[in-house]
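Multiple structures are listed underneath, in structure tokens.
First chain A sits with chain B, and in the next complex the same chain sits with chain C.
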Partner chain A sequence: MDKNKMSYKVSQFLMFGGISTVLFLGVVILPFIYGLYLTFTSWDGVSRSKPLVGFANYLAAFKDIDFWAAMGRTIIYSAIAVILINIVAFLLAYLVTSGVKGQNFFRAGFFVPNLIGGIVLGYVWQFVFSRALPAVGIPKLLGTTESGAMFAMILVSVWQFAGYMMLIYVAGFMSVSKALMEAAQIDGCTPSQSTWYVTVPLMRASFVQCLFLSITRCFMVYDVNLSLTKGEPAGKSVMAAMHVYNQAFTYKNYGTGQAEALILFLVCAIVGVTQVYIGKKGEVEA
Partner chain B sequence: MKKAVSMMLAAAMAVAMIPAIPAQAADVSITIFNSKMEIQSQMEEMAAEYSAEKGVDVEVYYSSDTVAAHMSTRYASNEPYTISMVDAKDIYSLGPDHAVDLADQDWVKETTQAITVGDAVYGFPVCVEARGIIYNKTAIEDTLGEEFNPEDYKTNEAFAGLLDALKENGMDAPVGVMKEDWSLAGHFIAEVYETRDDVDGFVASLHDGSSDLINDERFNTMLDTFDLLKENNYAADAPVAAVREDTELYLAEGEVAFMFGGNWDWSVLAEYDPEAEMGMMPIPQDDDAYNTKMVGGGSKYFFIDNSDNTTDEQREAAKDFLNWLVFEDGGQEFLVDTCALVPAFSNIELEVTDPLGKSVKAYADADALIGNYNYLPDDHYAKVGANMQEYLKGDIDRETLAADIEAYWQATAPVEH
Partner chain C sequence: MIQDSAKALARKRRIHAIIMVVLILVFIAFIFPFILVVINVFKEKVDIVKDPLSLIGVKKGFTLENFPNAIQKMDFFKAFANSLIITVSSTILTLLLSSMTAFVIVRNKWKACALLFAAMVASMVIPFQVLMVPLVSLYGGIFGVLNHRLTLILMHTGFSLSMATFMFHGAIHTNIPLELEEAAFIDGCTRWQTWWKIVFPLLKPTIATVAIIDAMAFWNDYLLPSLVLQKKELYTIPIATQAFYGTFSSDLGLIMAALLLAMLPILILYVLLQRFIVEGVTSGAVKG
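So, the complex of A and B:
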């Protein structure tokens, strides 16, 4: 059998990748294309007719002040949350690989928040912010000021994602060979120097991954937003994804909502991919 | 011995299973979508009884999703319900495409609340709901030591006097204000549009920018009363952080005496088993044309699907079901007694059970209900609701609020009807 023949290659590919390709096409690519088509219609989400309107939805999206306000808010939120998530996650990972007593217990404990669904987590924290903390004299954060709601969102996101990112950093710490650390210490490095100059550069892949995951998750945040702040006070904590949902389903401008979703996707993809590209470029091999 | 016991058990179980098989096999099965969360368990029980009695298999579904969003997913997947319960505005948007014309049905003559688009009747009114000020009569009387008669407090001044008297007698903040945008914008501000002679003309003037909201009499009268509610709000220091359940709990327990709401709030208040005597009154205001009336009308509508996914037999069964609700004892009792709704049909004479519903029924019977305006744009409650929250918090003044509302309307396309 000729292994260079096209038919052989195709059948080999189908054998290993056929099912996942079909699934990927069916649940990602086709809906994406259909969604793209809907951005050129003025469909309201229920009616039978989907009249084509050209680029009107994109024009409406660019003119939608609320959308850009939500986008700006999302960018600020993501920037702060991503930095905090990764700092906390890295420190936690450092802690639970340094050999403290009961480190496996801590690893599991820090990871638990990530196992609670975003909606439940939002309600749990809503209770904390609006009942538990005011009961001990801390003023209400939710529903009073924009910055209060933002602070609450960031705090909850850090609590939720730090444990997950910690696991990736833990894997990064473990992957650095002990031999290198010993060599560094023989050469006269203090433990903190060897961490900073040897371990951290070798963990670059972990940083790239964690940053990518936390950036995309923060940009697309919806569940915590919905159950924690619901966009209040006065719509000042509506993030981009929530605005897209409202636009498409609540205000019944499906096409405009879809167009805004696409813009959000592009912004998120550009930021994420740029970050990965820059991160990968400087990666070092041990 | 063991074997004999197990045989007997098996036989007993087999016998026990027999009644589970329906006495008469259902020829037709219909699905009903319920969007009133508080009556879901009653709906399910009713469906089981109805299936057994009529031989039509009925299944009830509920979704916490926005009604319009849920409908769009069902229609997008070609799985419509036979009967769907939706809001009035959804009948206008869905009806012409998806609903059966019910103009030939007998119940149409018994109601003033059915929804007609063109010549076709698409919406069957499930109940009547109205908005007003909910009061806790017992709490007021206990605080003041004299009888409370809501009809004595029609004007802003009289109501303000009552609130002051309550405060002097130890009720620190006699009012609860819901911060929900559907309440502030969808219900309260909506009354500014609804309580006037030419509603369509006024909305048109908002759209084209010829309105003068800040000098509008109705706007100022309503806002004067809103200011009164706002100043006496128990959560005045952080009004947008107030939780609806807390507010209703305080009202039920008599810590506050008044709340702007509607008879649907009874489903929440009833959770706290209020022993107090409660009721609803029109919004007190300095406008004699409107301080004796509530705003309300039909709420939640059934429509029957007209697509090929539903058979003619199913449609007939669905029509039979609607007739059962209106004309048969079982159906009437289900609406009024089991679900505690205010029926929208004049032939139903059962007495309404919940106290707020009783007030609404009294106003409806006295022809003192001003109709709902069912054509608010879909983003009205979110956007004007945000403005109202700012006003409630004291971030903006009345001039800015009026300007914001006008700016919203001018940027929004008119809803065709």
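So, the complex of A and C:
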């Protein structure tokens, strides 16, 4: 068979990649393009007609005070959570690679929260915050104050993601050659100095990756938000993703909701890409 | 000199002891919420309200009643079966389709392949929240195919194809020698046979990684299933838990049982396959 024939190429491509292409186009590309179109319509989710409204949805999104409040909240939450997740994850990774007994057990143990979905985790923690902690005299955090709900969200996120990021940092620690550490120590470094001045700079790629993953996950948080705080008290803990969901599916403003989803995506992408760009710029090679 | 090394050894032991204590404390803090669920699942509501920290109920004592009640009211086995069918089918479909796609992309320098791969890689940054509204309006409003398990399976697969194809692309590119396929061709294998008999079996490590990452994501996903499956008999475990909590949130004993039931399948699997899961997740995260 002539391998340069167009019919051969087409049949080969369709045989191996045909179904994938259809699914990928149907689930990702088509909705993405259709979503752009939706932002220029005012659709209520029920009627057949989708009247074109120009840029009215983007205007509405920019004027939507609740959306920007949720966005501000999401940025504060993400900033604090991302920093804490990575500090905790890095310290845990340092401890479980120090050569103590049972370090594999601890690695596996710290990862457990990642196995369970955000909905279930949120409910478990709701019980902790509203029943168990008040029993030892700690006041209720949920449903009372905005800062309490924020604190709870951050705590649960750190607990949820630290184990996962720890695994990436562990891989980073393992990738740095032991010989470099030894060389540094022969040159007079203490163990902590050789970690700080030799290992950490060589783990830059791990930091960039963990920061990127935790930024994108925190910005798009929904499940834990829904089950842990439900937006209470009085909508003061609604994060951006939940606001988008409510705008579209609860208040039936599909066009505005989709426009806000795109804005959220752009903000998250800009933060994430900037972080990767800055992080990669100073990368060192061993 | 000998004294020095003895001192260093003692110092090292002391540091290790401190690290051990810190790790144990952090570990207890990490699993504390799970322990709370386990101790309260065997109590009745009055006892949970009275003292959520006591090991055994003060008034009514030990009970197993919460389990059958929660199983029945949550329709747990139905939800479990739904989750299982959806997770297993989506995972198998993703593995087969993405490895096939990666195979044709790596081995041929056609424009269509390059275009598809570029589109897939670029699409990996798009979060689900950007697609959910148009997805519902397309497949719910225009095509009317929501409330079928198959719809969710195909959507799960469609969303995870990009990442999986990307990982198989790397694996085939670096680990499968072209000579092997040429030898298979000389021996009379068709492209199809080459893929199924030679390439696919050699991809085992990547298959395990992709299977673990995607199966966990499918099993735990809430947002997409909640938009696609709105009939009670189609609920997966996360949706069933959410619906159950909405109805019985004041009946704490039942809630504890429901939460434990929702966590149990994956925790049991983790105990059995712990090493593979940790390795799979690590290599998946580092490559992706």
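Note that the second predicted complex is superposed on the first by the 260 of 286 C-alpha atoms of A that agree within 3 Å, B and C clash if a C-alpha of one lies under 4 Å from a C-alpha of the other, contacts with A are read in each partner's own complex, and residues count from 1 in each chain.
Rule of thumb we're sticking to: contacts are C-beta pairs under 8 Å (C-beta built on N, C-alpha and C of every residue); 3 or more make two chains touch, one makes a residue touch a chain.
In this text the structure is predicted, and so the values were computed from the model without any measurement.
Clash or fit: how do chain B and chain C relate after the overlay on chain A?
clash
Check the residue A:279 against both partner chains and state whether it touches chain B (first), chain C (second), both, or neither.
Neither partner.
On the A-aligned overlay, A:92 touches which partner chain: chain B = first, chain C = second, or both, or neither?
Second partner only, chain C.
Does the superposition put A:119 against chain B (first), chain C (second), both, or neither?
So A:119 only meets chain C here.
In the superposed model, which partner reaches more residues of chain A, chain B or chain C?
C
Taking the superposition on A as described, I'd like to know which of chain B and chain C A:244 touches: first, second, both or neither.
second
Examine A:252 and indicate which partner it touches, taking first as chain B and second as chain C; both and neither are also allowed.
The answer is first: A:252 touches chain B but not chain C.
With the two structures laid over each other on chain A, which partner does A:201 touch: chain B (first), chain C (second), both, or neither?
neither
Superposing on chain A puts chain B and chain C in one frame; which of 4-12, 40-48, 76-84 or 310-318 is the clashing stretch?
Clashes with chain C appear only in stretch 76-84.
Could you list which residues of chain A make contact with chain B in one structure and with chain C in the other?
45, 249, 254
Going by the contact rule set out above, which residues of chain C touch chain A in the complex?
Chain C reaches chain A through residues 15-16, 19-20, 22-23, 26-27, 30-34, 36-37, 40, 48-49, 51-53, 97-98, 100-101, 103-105, 108, 110, 112-113, 116, 119-120, 123, 125-138, 141, 154-155, 157-159, 161-162, 165, 191-192, 195, 216, 219-223, 227, 238, 241-242, 245, 252, 255-256, 259, 262-263, 266-267, 270, 274, 277-278, 281-282, 285-286.
Report the residues of chain B in contact with chain A in the complex, numbered from low to high.
66, 68-69, 71-72, 75, 93-94, 97-98, 179, 238, 240-243, 377-379, 382-383, 385-387, 389-390, 393, 395
In their complex, what parts of chain A are in touch with chain B?
Counting only chain A, the residues touching chain B are 44-48, 66, 130, 139-140, 142-144, 232-236, 246, 249-252, 254.
For chain A, which residues count as touching chain C in their complex?
Counting only chain A, the residues touching chain C are 9, 12-13, 15-17, 19-21, 23-24, 26-32, 34-35, 38, 43, 45, 92, 95-96, 98-101, 106-120, 123-125, 127-128, 131-132, 135-136, 159, 163-164, 167-168, 170-171, 209, 213, 216, 220, 222-223, 226-227, 241, 244-245, 248-249, 254, 257-258, 261-262, 264-265, 268-269, 272.
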